[in-house]
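Look for subunit A in each of the two complexes below; its partner is subunit B in the first and subunit C in the second.
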Partner chain A sequence: MRKDRRLHWLLLAPALILMAVMLYYPMFGTVYESFHETSFLSPDPKFAGLALYRRIVADRTFAEVVVNSIVWTFGVVLLQNILGFLTALLLNQNLPMQGVLRAIVLLPFILPGVVAAILWRFMYDPQLGLVNSLLLQTGLIENSVAWLADSRMAMASVIVAAVWKGFPFSMLIYLAALQNVDQSQIEAATLDGAGPTRRLLDVTLPAIRDVIVVNVVLTLILTFNYFDIIWVLTRGGPQSATHIFPTKIYETGFGQFRFGEAATYGVFSILVLAVLVALYAIVQGRANRRRGVA
Partner chain B sequence: MKRSLLTAVTMGAMLLGTSSVLAQQVTLQFWDNQQTESGLSDVQKAAVERFMKENPDIKIEVTTVPYPEYQQRLLTAVQGGNAPDIATLDQIWVGAFAKAGAVADLTEQAGAAALARDNFFGGAWDSAVLGGKLYGIPFNVDVWQFSYYNKALLDAAKIDPASLSTFDGLKAAAEKLTTNGKFGVGLFGHKGEDTVVVGDSFIFSNGGKVLNDDGSCGLTEAPAVEALTYLQQLSKFAPGGILNASSGDMRELFLNGSLAIEFWPALEQPTLQKSKLDWGFVSGTAPEGKTPVGTFGGWNLAIFESSPNKDAAWKFIQFMVREDVNGDVVDLIPANKKAATAFLEKNRKDPKVIMAHLENAKARPLSPRYLELADAQIAMFQEIYAGGDPAAAAAKACEAINALD
Partner chain C sequence: MKQKRSTRLVLTLMQVLLAIVVLLPFFWMVSVSLKPPTEPFAIPARLWPDHPTVGNYVSAFRPEFRTYFLNSLVVSLATVVITVTLGLLAAYSFTRAQIVAISALVGLVVLAQMFPHSAIIIPIYKMMRSADLLNTYWSLILAYVSVTLPVAIWMLRGFLLKLPAALEESAAIDGATPLRVFWDIVVPLSRPGLIATAVYVLIVTWQEFLFALSFTSTKEMRTLPVGLNDFIGQYGIRYGELMASSVMVSLPVMAVFFFLQRYFVAGITAGAVKG
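Moving on to the complex of A and B:
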């Protein structure tokens, strides 16, 4: 028994050491820096207590970043999961050329984030972009829209780009879950006279409930931390209209050399992520227990 | 037997000789960035080979980093204690690197080597001076902006290109040219330094300042606010989406004939020369009777304080800014004035116009906190391009700038 435990720790050790060095050390370093005035100009950290926190919270940009992060995260997660689920439902049917269809749908997910963002930058171009061209041709708009330059439109525009990039991820997970739904239950429901909607609501959704919850929480974490698309499309602009935590941290740290303040933004970000990760652990634990009971 | 003994002794002596050269040889890490696909790195490699031939005791290892990653890579290297020996620094970074103690004071070496302001463009030299000390040697320069124009569009509208040099002339031309789906002038206001340098040039040309002589913000002074108001009026004749547009975004519109006038540095010429477009340019824009004042851009060569081989590094810098070398190793314009003259004659259209604009250009404020200062300016430009009150936008920017210590 003791030998087994030793072996467990021995096998875990490389991963734990790697995590400690690559993850926890920088994370605690960030927390430490957030209580110290430190920048490229004054690299020796000077203890500042909560001064940086007070300064950041008093800055109106902080409130904008918080609101933007909420809108961005929930907007992307909601749309990405709805679109991913609907696509999975469609691809779960016995359609011809199913393999090809799945490959096509997966394409945005395979593209690197920066490439996807550049693609959308071209598509959103006010003068030459595909989006305006299509909308003008179909008469849905009368004048070109500056999708990324108008602070009222910019957040919605980056959300659409992110949903396009991310929905295949959700789709993949939902498709795998749908393929594991007990077919005999669906057949039984059909024999009892249940239509497609009733079968979906009463059989399929309850059967994949755990997967939906885990998927939503997982995409919440990934989306909150997403950087590439917004940075390439708008750099958080116009003004601060699309600044979220990761873009603000990057701009403050690497764009302005203010490491202490960047770390403080980082700590806020870590706190949100900690809550989301805890949520994920709880949800996953419950799902595992339910499966164990079943 | 005798012959083999002799051979062994000779080979031993040769090996000893080689190892003694190797022991004395120092290796310098030189970092540079690449802004364009100009094939510059090959030319630079040849120059570095030449330097190593002239100085067999010094080996140069060149690292070329793409421009978008360069600042972050350099910053991370300095913070991590892995700075190179020599690097090109953007003019606007020198203040911060000097204040942080990351780069060496070159005042004495420059004096001893007779490298002086007169050898270089004044604004470029000034961009390396902080507190009376010199922290870099100008390597390459350019000036924002030249007003490039589409000759066919101007001819069709019967506009004299010379009129683009004045505030009134440019506005009248932009208004006239904005018709039939075409745009008069390409303004850009994204979160990037090109937004700042063009805006500064209009402020400078109108007699305004970003910082006053005492270091306080000068953007609320009348000449600066007038220039901002002028830019706001000009924006009516620009393609939509200014707040997310860069100078690069305007290129496609200019090249396909949808845009009549665009603001770029001289570096844009090679791209335009490759196109079929009939184009010309004038040096910036100023009020009637005043000379347009451009904003300097460019890079300085700096030696890092952490370098154990500062003397060798200094030798390399002297070589790179030499009249017969400087023109071969830059893709902007050589900072050495004599090299610049030859370079412009060979590579650019209307070299005298460019030289005159360079001589008259001003450097951006040399502040250790320039990047934050520029962010405040970008917010100001975005506000005026979005239709905000120029005086109020300038006041907000000054509040942020004056709060920087």
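Moving on to the complex of A and C:
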């Protein structure tokens, strides 16, 4: 037994060491960096105390980044989960071609993020893009819209692109949950005279409630951290209309070489994440208890 | 369950609508990639090329693109092999070892899945700089293995928990060492889980953008997503070539996914639905 234990530690060691050095240590490293100032001209870190925090909170862009992050995260998560759930319901019917359709729906999910972003950048092009062409031809708009350059439209536009890319993931989870619902309960409800809507509200939704809650919190975390789509579509612009924490951190750190300020933004985003992760732990724990798993 | 004809009709229409919403951008990407240089500028935009050509693919497949492709291939394959190997070893011990600290360690693995890459990238960048690894394959491979390991361990752990214990126990009674049991029984039985994990790691690594953008500084070391992002500026208004490059970047992962879809879908949803 003792020898087994030593072997198991040996098998765990590479993964644990790598995660400690490359994931956990940098978490603390970011907090350390946030107390030190660097810039392109003076790359040696100098202790700055809380000066960077004061500077960032006083800066107008910080408030914008916070508001944008909230709009972006809730916008994408809400739409992606609703669309994902409806699609899962549709794919769970007894219709022909369901396998083919599921494969088609998964396409945006596998498409590399940068490719999806470039594709949507072109779709949104005011003159050459498909979006304006279709809307103009069907008379839904009268003049071309600069989807990504207009600060009132930019956030909505990046959200649409991200939802298109992200809803297949939610669909996949919901479809698996729907297929796990006890069919005898649905048949019993049918015999009792419940229509499709009643069956959905009374049987299906309660049965998969936990999956929905856990999946919503999980997509909140993933969306809050998502960098690729916004960076390629708008770089956080116009002005700061679509800057969220990841894009602001990258721009400050690697665009301007102000590592200290980038790390300070990083600490704020870690705090937000900590709240979301705590929420995740709570809903996952409750779901596990209800299923009777430890 | 029987449905009324009208219900079926409505559902079928919704299916068609769904397929159009998903496919229209893809259709557009392929269509523009096949248009000769002046056609993308037709206003209003035409859905299908009047004179389709593969010219854009030929000119987009230039030396730079081939370099990026090779870099992506090397980094992705190395990451898949290392992550899946380390992940399986760790998952095996996580599910078989009688160690008190195990459940706390599993908690740390789950937590690490949710770390924001942008918030930890600066200390990682500085470590890579001190180790003189910036702008090398190793900086990317190390970063990618680290960020994909937690999910890989989690997927494989879920898989190993479901393997029947009887086979391993009887082999142990016959005198097989734990390593023998691992190699002769656990590895072959884990094949579907290993494939699902490998596909997941490949999809994540092939498209990774933030680390590649921050850690590579010369064209020789760029990977496809970063190279593609550079093309936006370089190609200017040569949309045909940009779309052709996009198609070529996407095809390899799409092909892998379609052949191994079954495993991957099972692997992703098992963890998410069953906890």
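Throughout what follows, the second predicted complex is superposed on the first by the 273 of 294 C-alpha atoms of A that agree within 3 Å, B and C clash if a C-alpha of one lies under 4 Å from a C-alpha of the other, contacts with A are read in each partner's own complex, and residues count from 1 in each chain.
Convention: contacts are C-beta pairs under 8 Å (C-beta built on N, C-alpha and C of every residue); 3 or more make two chains touch, one makes a residue touch a chain.
Bear in mind the structure is a predicted one, so any value in this text is a computation, not a measurement.
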**Message:** Per the contact definition in the header, classify A:G237: touching subunit B only (first), subunit C only (second), both, or neither.
**Reply:** first
**Request:** Would you sort A:A149 into first (subunit B), second (subunit C), both or neither based on which partner it touches?
**Result:** first
**Greater subunit A contact set [subunit C / subunit B]** = C
**Asked** Touching A:P206, do we find subunit B (first), subunit C (second), both, or neither?
**Response** neither
**Request:** Check the residue A:L41 against both partner chains and state whether it touches subunit B (first), subunit C (second), both, or neither.
**Result:** first
**Message:** If we overlay the two complexes on their shared chain A, which of subunit B and subunit C does A:L128 touch? Say first, second, both or neither.
**Reply:** both
**Prompt:** Which partner does A:F254 reach: the first (subunit B), the second (subunit C), both, or neither?
**Reply:** both
**Item:** Contact residues of subunit A, present in both the subunit B and the subunit C interface
**Value:** 127-128, 254
**Prompt:** subunit A touches which residues of subunit B in the complex?
**Reply:** 71-72, 75, 78-79, 96, 99-100, 189-192, 239-245, 249, 252-253, 258, 368-369, 371-372, 375, 379, 382-383, 386
**Fill in**
Seen from subunit A, its contact residues with subunit B in the complex are 40-43, 125-128, 144-151, 154, 233-239, 254-258
**Item:** subunit C contact footprint on subunit A (complex, rising order)
**Value:** 1, 4-5, 7-9, 11-12, 14-16, 18-19, 21-27, 29-30, 32-33, 87, 90, 93-95, 97, 101, 103-108, 110-115, 118-123, 127-130, 133, 136-137, 164, 168, 172-173, 175-177, 180, 190, 211, 214-215, 218, 221, 224-225, 227-228, 231-232, 245-246, 249-250, 253-254, 259, 262-263, 266-267, 269-270, 273, 276-277, 280, 284, 287-288, 291, 293
**Residues of subunit C defined as touching subunit A within the complex** = 1, 3, 8, 11-12, 14-15, 18-19, 21-26, 28-29, 32, 40-41, 43-45, 47, 86-87, 89-90, 92-94, 96-99, 105, 108-109, 111-112, 114-127, 142-143, 145-147, 149-150, 153, 178-179, 203, 206-207, 209-210, 213-214, 224-226, 228-229, 232, 239, 242-243, 246, 249-250, 253-254, 257-258, 261, 265, 268-269, 272-273, 275
